[in-house]
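One chain, subunit A, links the two complexes that follow: it is found with subunit B in the first and with subunit C in the second.
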Partner chain A sequence: MAKTNDPVALNDWQAIGNLDEIQSGKRRNTRLLGQEIIVEMDGDRPHVFEANAAGGMGREHPAQILYGHIWTTLGKPEKPPLDMPEFLEDKRRLVSCGAVTVRASALRIVENFLDMSHFPYVHTGVLGEEPITEVNDYKSEIRQPDDELWATECSFFQPQAAMSAEDGQVSEYMYRVSSPFVTVLYKTCPAVEGAWDLVGIFVQPRDEAVCDVHTFMLVLDDLSTYTDLVHFQHKIFLQDRSILENQLPKGLPLSVGEETAVKADGSSMLYRRWLRQKGLKFGTWQGDRDSQAA
Partner chain B sequence: MPNQFPQNAWYAVSGSPLLDWGNIMPVRLFDTERIAWRDGDGEIHVWRNQCIHRGMRLQYGFIDGNRLACRYHGWRFGPDGKCALIPAHPDMAPPEDFCVPSSPSCEADGLIWTTIGEPAGPPPDLSEFENLTFCRSIAIDTAPETVQAAADIAQFVPFGAGHTDSACSSRRAATGVVALETSGASSPQAVVLAIQPVDAGKTQLHVLANAQIADTDRGALRRHYAAWARQFRWHIENRRRIEAVRLPESLPAPESLPV
Partner chain C sequence: MIHLYDYVLSGNCYKVRLFLSIIGKEYEERAVDYYPGGEHRTPAFLELNPLGQIPVLTDGAVTLRDAQAILVYLAGKYDAGRSWYPEDPETQGAIAMWLSFAGGELMNSSAARLHDMLFYDFDIDKVRAAAHAAFRVLDDHLTDREIDHGDWIVGDNPTIADIACFPYVALGGDGGISLDDYHAIRRWMSRIKAIPGFTIMPGIHAT
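This part shows the complex of A and B:
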């Protein structure tokens, strides 16, 4: 697949690696939106080039470091990446979990991140468990002028909500989608009452059905080791990957009625409508229902 | 695929003993994905391998009593394909049209049959074979037409002592079904081969033996024809011209045969 020509996907910032992985003076090859790219650190300044046919450095694209990751754009974004002021707070620990490759559309990955109904079935005993499966009403909206999707007043009973949680608790959540491939959740912090922990994914679409998912956590937990936090997050994410790689069709159907939805899917329905309004094509299903899995 | 395997015919997709309650079997027919499962009453159902909610492959679900549950959100579907429970809204009766698409299916002669089109008639009638034993299913990495052409000229040595000299003939017993029969022996045997077109280049072959034998010999009968099936597959996958398939004069002892 060659570089996409979808302007909605191109005119946006995407993360393509974390700082731990790319050392100064070394080159790293990766792929974004169908385009082979080369990433290089010059001291603490990142450079991103398209790889030309011979594998050498072609056209350069803007790059920046944000939230422990290298971000780039292959187009002309109209807005910067999301603003997370929590990153400036002293007591928080940034845990970069590295990249996990998933053979699925970025849009399926983001939609799974927003979903709570799967907690008892995919993350059994940790984020949910039968018989407490009901998803309570919550709110979904698109906030302007930032053009971000927010789901708020979400809650779910969880046997082990986080690495440091000792008992089950009702976790409260907020979900935020700042652009088609970037989403963060805010959840009740077990360590500090009234505060939120952040967990987010910066999805790097390599192709329409292959992504590298860069996961981060910004937590107030000062008891668990870095390794334990990463393992916890990996366990959760690998459970999701087993699902994501088995959803058909690969592309996300955007039209109403192509898949069946219920009230608990409010944020996913709004996400699909938001993507439809943007005119996004990359990572979407372009066929009709009957030809999906035949 | 040409006329030998019309899409609206019935095809065997499993031996009955291979699908017990609790198992969700993925099935591929004409490069489409299906699942087969058995409900609490033992009835077979063949559905599209895709949940109506978020497209999760139903083969990774689990059986909950008389219902099939999707692995993703735990939606429960009854034997009629209709959604019976949505765990995110446990007190809500799911709408009537929340239903997984299903295919016609039946179980007969030791096999599970389905079709992906609108069937033109009933499933093949194999009642002429009165003593069928399902022996094994085997995957063959070749087009179904090639498997059928090989079956048309295949030979076999029947199970049991004193059968080494039987001649053998083959005929098409039904669409996709080839029967190899001994002739002239005092207790005739047949090998019934039900061909499942998986896709243009892959076939699943379901092998049954028709033989009047004591129950205590049934295990040995299965092993005999399972070994024949492996030889048959080897010949097809490793020969550029299809030649007659014969068993060697003496078989190795059953315990040393690879699975």
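This part shows the complex of A and C:
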């Protein structure tokens, strides 16, 4: 497919790779919103170009480095990428887990990330375990003026909530969706009382039903090795991948009643309504059109 | 103590984890930052395995690379009943044939998965077609075995041939290789999942 003409998707900042993946003087080809793009590092400054028909460098787009990742936009964003002041706290460790391609809509990835009800079934023995399957009541809301979705007061019993967890614990969660393809969760830190660990996914929508998922953790954990932390995150995310790839329709339905809602889906329902109000089309289910995307 | 140089998403490492779990043998994991770190290409790792591949297993003075070789060693050393790698030459020859298949033709399924998931540069149509051809050979063999009332790739019991072939067949979907047409393979996968001590990995479900 060609570059989308969906202004909602275009006029936003998207992460397109982490800094470890591209060295100064090197180029990397990737894809964003149906458009082939070329990423180039000039010293510590990133440049992003559309690839032209011949594969050469076409129009240049804005680019910046934030949170260990390169961000760009193919349009004119109304707001900057999300603000995460925790990245300035020097005791935290940033773990960039690398990108993984998933043949699913980027919106499906974010919605799955918000969903606690799948923990006991998909992440058995780690993020949940039968018979404790009930999702406790939580709050979800759109916060202004930043226009972000927050789900708060979430809690779930977890056998191994993080790499640093030795026993099961009731984890408290806050979910934050700052833009349609960017989400981060704040989660009880097993190592430090009263602190939150951050786990985030920056989803790079390549096409309507294909995306690259960039995962990071920003944790207070002096004991686990970097590799142990990466493996923990890979295990969790790849347990989701095969299930995400099998979800139908490929695009996310936004209209009410397309998929049955239960109480636990509060944040999911709000996410879909929020996307609908924005008028987002990219990665959504549009009836017949979806059969082509699939 | 056994040490396994391991990556959670590697199907070859999973062959070893799965077998150690089934025979109930304890080990210590040495996590290798395979992706995105590329630790298997570092000088320190190449000293352990000059091929730059995982898994590697150490057990006292023994250092082994290659999942199939490791399965042969573990079955010979720690399976007292010798059911997983029986001692008669006929069975050993048949098992070796399928171990080679697991490390050879079936690795096309691994290549498709690395391409689709982690950006490896393979000719995706070619490796998927080769994986399908390998799955067809295994499915036909398992169909023949069922006609002879056999549940497993070789002999009357599961062997390391089943363990070696299972992961990259079960992970086919990760690389866009559907198992829909391989009925005997799917029945065989269900039997493997019912073996006491069976353990999962991301992308392979318990049932």
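Just so we're on the same page, the second predicted complex is superposed on the first by the 287 of 294 C-alpha atoms of A that agree within 3 Å, B and C clash if a C-alpha of one lies under 4 Å from a C-alpha of the other, contacts with A are read in each partner's own complex, and residues count from 1 in each chain.
As a convention for this text, a residue touches a chain if its C-beta (ideal position, glycine included) is under 8 Å from a C-beta of that chain, and two chains touch if they have at least 3 such contacts.
The structure displayed is predicted, hence computed values, not measured ones.
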item: Contacts of A:Arg273 with subunit B and subunit C, given as first, second, both or neither; value: neither
item: Touching partner for A:Asp20 - first (subunit B), second (subunit C), both, neither; value: second
item: Contacts of A:Gln239 with subunit B and subunit C, given as first, second, both or neither; value: second
item: First (subunit B), second (subunit C), both or neither touched by A:Lys79; value: neither
item: Contacts of A:Ala99 with subunit B and subunit C, given as first, second, both or neither; value: second
item: Partner chain in contact with A:Asp228 - subunit B first, subunit C second, else both or neither; value: second
item: Partner chain in contact with A:Leu248 - subunit B first, subunit C second, else both or neither; value: first
item: Touched partner set for A:Ser117, first subunit B, second subunit C, both or neither; value: first
item: Touching both subunit B and subunit C, residues of subunit A; value: 242
item: Residue ranges of subunit A touching subunit C (in the complex, touch as defined); value: 18, 20-21, 96-101, 103, 124, 225-228, 230-231, 234-239, 241-242, 245
item: Parts of subunit B lying in touch with subunit A, wherever the complex brings them together; value: 31-33, 48-50, 52-57, 60, 71-74, 86-90, 92, 98
item: Residue numbers on subunit C that touch subunit A, as the complex places them; value: 7-9, 31-33, 35-37, 39, 116-119, 173-174, 176, 202-203, 205-206
item: Footprint of subunit B on subunit A - complex, ascending; value: 111, 115-118, 120-122, 130, 133-135, 242-243, 246-249, 259-264, 292-294
